[in-house]
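Two complexes come next, and they have one chain in common, chain A, joined by chain B in the first and chain C in the second.
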Partner chain A sequence: MNMKKENKSLYTKAVITIGQLWENPIIKGIILLALALFVYFLPKMATLYFQRIAIMVAFYAIGAYTAVLLTTYRGTNYLVAVILGACLAGAFGALLALSTMRLSGTYVTIVTMAFFYVISSIILNWDSVTKGSVGVLNIPAPNLFGMKLTMKNGGYFYLIMFYVALTILVTKLVINSKVGRAIKAVRDDELAAIMMGINNKKYKIIAYTLAAFFAGLAGTLYGPFMGYINNATFNYDICISALVIVILGGIGTVKGAIIGAIIISPLGELLRGLTTFMKGLPEWMQISQPEQWRFVIYGMIMVIMMRFRPQGILGGQSKLPYKMPKGVERKVMK
Partner chain B sequence: MALLEAKGITKKFGGLVAVDKLSFEVKQGEIVSIIGPNGAGKTTVFNMITGIYEIDEGEIVFDNKVISNKSPIYIVEAGISRTFQNIRLFKQMRVIENVMVGTHIKTNYNFFDALFRTKRFRNEERKATQKAIDILESIDLGDYINDYANNLPYGLQRRLEIARAIATGAKLLILDEPAAGMNPQESENLLNFIRSLQAKGYTILIIEHDMNVVMNISDRIYVMDYGKRIANGTPSEIASNPDVIKAYLGDASEILEEDDAV
Partner chain C sequence: MFVEQLINGLAIGTIYALVAVGYSLVFGILRLVNFTHSSVYTLGAFMVYVGVEYLHLNIFLAILFSLVTTGFAGVMIDKMGLEPLRKKGASKISAMITTIGLSYIIINCLNIAFGSQIIRFPDLFNYGTFKLLGATIAWQQVIIGAVALILLVALSIFINRTRIGLAMRAVQQEPSAAAINGINVNMIISLTFFLGAASAAIAGTLIASYNQYLRSSMGDIVGLKAFAAAVLGGIGSLPGSVLGGLIIGVSESMAVYKLGGSYIDMVAFSLLFLVLLIRPYGILGRKGSTKV
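On to the complex of A and B.
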């Protein structure tokens, strides 16, 4: 009897510990996942992932700042602010698609990099609106129909889950349609796609707009989660995490992005846990911020994956048969 | 009545006249080949027909519609589809998806139909999938539906490229060196395949270097050299045409003169 009770309390303790360990990283990871997913849409992403992700961070920042500034200083309804933030990011995506339309390869990369720096310097220098390096403080918790969603009451967690589900759903719906096939075709071989009657410009704009829209949507989550954002929030750190997630999980797959996010996101927290462990070690072995070691691990993951499994854990060609719509028949059966 | 008619088409790249007042026609149900030495301008002609290049002079008429200097999309919708000299499949997509990309212009729904999975989406998607499967089965690719395009053997990749072109609903198929890089067995299979397409009512225009293929399947042949048409006729007429032999092998008198100089 006593034994049983002890077991139970041990179990509860374990659940609580795991819960604490994952609470913060899961949310961060999900934001990153949402970010990583959209890379799928970008054409010709087989090369130069990093720059493409850097630009996603720019859209992420646009979404975050729009929503945060509106809710904090204008008192705009949370839902309206989120929609405006995502739409503004989407509009910038369309603009960027238009401006890179006639470019290819490295030149697209240069323009997208430039775009990232333009956005970050606007955030830093447009003090009157973005508050520059001081940042936006006291960001209110999302308020949905009179319900305050905070980390403490768990509402914020469900909100994030809802966004992620929405993102995955829309991604799936778009991929498995004429639109998704056209985007993939343009990505694989633009000229051949044009020769199939695909309007390459239209589908590039759709791809960039969707990617930017969802990156913006993910951005709107970040502000209320941290309660504070400034120009340094949207740096290459996020780019690198997102890059490692997609490379580890598998480029161009939704499943891969989820697995990657689940593995990578708690890494910082786990390493921070080493602080107590390190106190027992001789002085020369102690490191002040063990969580910074995650960048070493990121680097190792990238090298190992590129060497042994460049398509990622779940990436590459699916072995499952193609999913046919209902009512399709094969006249000749094997 | 010609299905496709080129009337004195010219293409200049700066000072170079790549195609010079070329005229030809392809009748409904024919297999017509364009041959010529390397650099004769054959692929340029294909790029002019399919709307990749603008035409400097002349006019191309297809199915009673002027298609010269129209967008590639307009031309595909009019009923012309092509394959490429070096295979250009969508390599990271499945065989069936490749063919379904071909059905793109015939699949009639928009982004929001896809997002909300409307009835129109489901109907159109079912029709497109069925069409892709029917095409693949009709050309013996039915067993490869789930494979990825870049895993197919070379000969089948060629065949898939043609399947993709058929899926656009094209009446005229333009094949750019379909037998390039094939072994004799593969090109024999290709010959039979192209003949079977003709039997199904497709009209076919081919650029080809493989004389075995050209002489065996063409109803008529046009010969180009330096952007100009130098001969046309049936395979047997072309084989004995002195101008063609001169373009391919050089002039007997030139050889003699060179010998004298030495």
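On to the complex of A and C.
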């Protein structure tokens, strides 16, 4: 009798956890997606994927802090704060592009990682502005034209969806424009691009600025969603999550980033759900630290993907015919 | 105060140098930034802890145990993670992401096994203090610096004076030419990983006994600073790594002396930033030519 009851409660627990599974991860996943999307743009040099993500998180933090501090303590209009946050992140992007211009390979990696550490160190230590490790509490919900958008009335969810749609749209537009092609050329083979007369410095700055701008935009979403940020919010774990999304889905494709975000983001909640679910099982079968297991799984995904499918699930060469810009005709020589 | 901070900086600097040499060795041979290095450093300290606490070994036996197991872990990282990629001819980025993944696996397994909190670590070199030029200096700092220095000298003798060291330098120059001359390239690479891991294990143990605690996240910041040191001196060059480590160690302790402790982590990176703006290839690094 008792046994049956326990089984039933286990079952309901499982259903409830699966239901909860999709609430947070959608939001987190979307924010991460917006973050991962623009990784595409940063110049590719010998060793840079990880570093790209690390600086994206730094820009993300800049955007988040700017918007949150302005809305919480100055009462600035939400839209103005968001735009300022994204623009400040973009400005830092341009600054970083300028300062790494003369470096190559490993040297860029370490400088950008250093940039990440300097930013997080400033967040931790500039107590009078950022509130250090205490963090910013009671971040107000965004207020658009007199309408309060919260998680409860669903408005915030739509706002995030709007941002992501905007990010995807702009990514697509830029990729298919002259600027996007130039950035891609510099990214794939800088020397060849220079030979073709592309101003590599100019396009590097544009790429960094754009990527930083959108990472900052993604950052402005995070504060009102959690209601609370501190220095520990922006750490390497976010870098790793975004990196795993991109690797799993396929580096350099929009579709890949979306698929990766869909698969990866519920993993944390899934493992947490599994932990509660496993409470009824014998001790050796229980999972005690879901967060740590999540990162072990992330590590395994990275190792296994690199070993067997380095281009990601959807990566690889595009089979579609290359879309020519207006006024250019395709002539096939045989 | 000044002399004390200087000695302290030199002691910490030699440890950064010891870790930086590990980065440099692997980078010299594989042209790869080995992100597992900081987790191997943590693993080394934890293995000493395991030897003392769980296997009830004498401290020196525990260090030996840690050297062997951690070195072996380094070899496994190469054999299981990187060698298949080399055989497949995968890109450098794949290898680098694999090392990031492996380091995440190692650190989080340590986290699962020992928890993420601070664990007390035995104080190995507590021999009190002595006076020098009116400053009070702990023997501990001197011993730590001396051990790291002896290891650095031993490593450089090994690389510059022995036959295996010659083979290592040959592989560093040109792997395929080395293979034609009868050098087992994969074995040399594994040996390099063993040396790097063992020196990182020693460095981790020294730092853990200096701080008297260890935790699974202790490698993060040290690993990054040592990497910064390697890059500052010119990555791939051993004297460069040592120089970079010492510069970062001393400038950090000078920053503590002048500015106070809260911005200590920024000093290394700001310094790196400035040096690279002036010398984009590090202090002792050579400018490579771009092959088309």
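In the analysis below, the second predicted complex is superposed on the first by the 293 of 334 C-alpha atoms of A that agree within 3 Å, B and C clash if a C-alpha of one lies under 4 Å from a C-alpha of the other, contacts with A are read in each partner's own complex, and residues count from 1 in each chain.
Methods note: a residue touches a chain if its C-beta (ideal position, glycine included) is under 8 Å from a C-beta of that chain, and two chains touch if they have at least 3 such contacts.
Just so it is clear, the model here is predicted, and its values are computed rather than measured.
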### Query
If you stack the two complexes on chain A, which partner ends up touching A:Ser121: first (chain B), second (chain C), both, or neither?
second
### Task
Mind working out whether A:Val328 is in touch with chain B, chain C, both or neither, as first, second, both or neither?
first
### Query
Of the two partner chains, chain B (first) and chain C (second), which one does A:Lys178 touch, if any: first, second, both, or neither?
first
### Which superposed partner A:Leu248 touches (first chain B, second chain C, both, neither)
neither
### Task
Have a look at where A:Val170 lands relative to chain B and chain C in the superposition and call it first, second, both or neither.
first
### Query
Of the partners chain B and chain C, which touch A:Ile205 in the superposed model: first, second, both, neither?
neither
### Task
Figure out whether A:Ile194 sits in contact with chain B (first) or chain C (second), or with both, or with neither.
first
### Query
First (chain B), second (chain C), both or neither: which does A:Val303 touch?
second
### Task
Go through chain A and flag every residue that touches chain B in one model and chain C in the other.
191
### Message
For a test of understanding, state which residues of chain A touch chain C in their complex under the given definition.
### Response
46-50, 99, 102-104, 106-107, 109-111, 113-115, 117-118, 121-122, 125, 191, 236, 240, 243, 247, 288-289, 292-293, 295-296, 298-303, 306-307, 310
### Query
Okay, in this complex, where on chain C does chain A touch?
27, 31-33, 35, 81, 84-85, 90-98, 100-105, 107-109, 111-112, 116, 220, 224, 227-228, 231, 235, 262-263, 265-266, 268-270, 272-273, 276-277, 280-282, 290, 292
### Task
Could you please specify the touching residues of chain A with respect to chain B in the complex?
170, 173-174, 177-182, 184-185, 188-189, 191-199, 206, 252, 317, 321-322, 324-332, 334
### Task
Show which residues of chain B lie in contact with chain A when the two form their complex.
50, 52, 72-73, 76-77, 81-82, 84, 88-94, 96-97, 100-102, 104-105, 107, 109, 111, 114-115, 117, 121-122, 124-126, 128-130, 133-134, 137, 142-143, 145-146, 148, 151, 164, 168
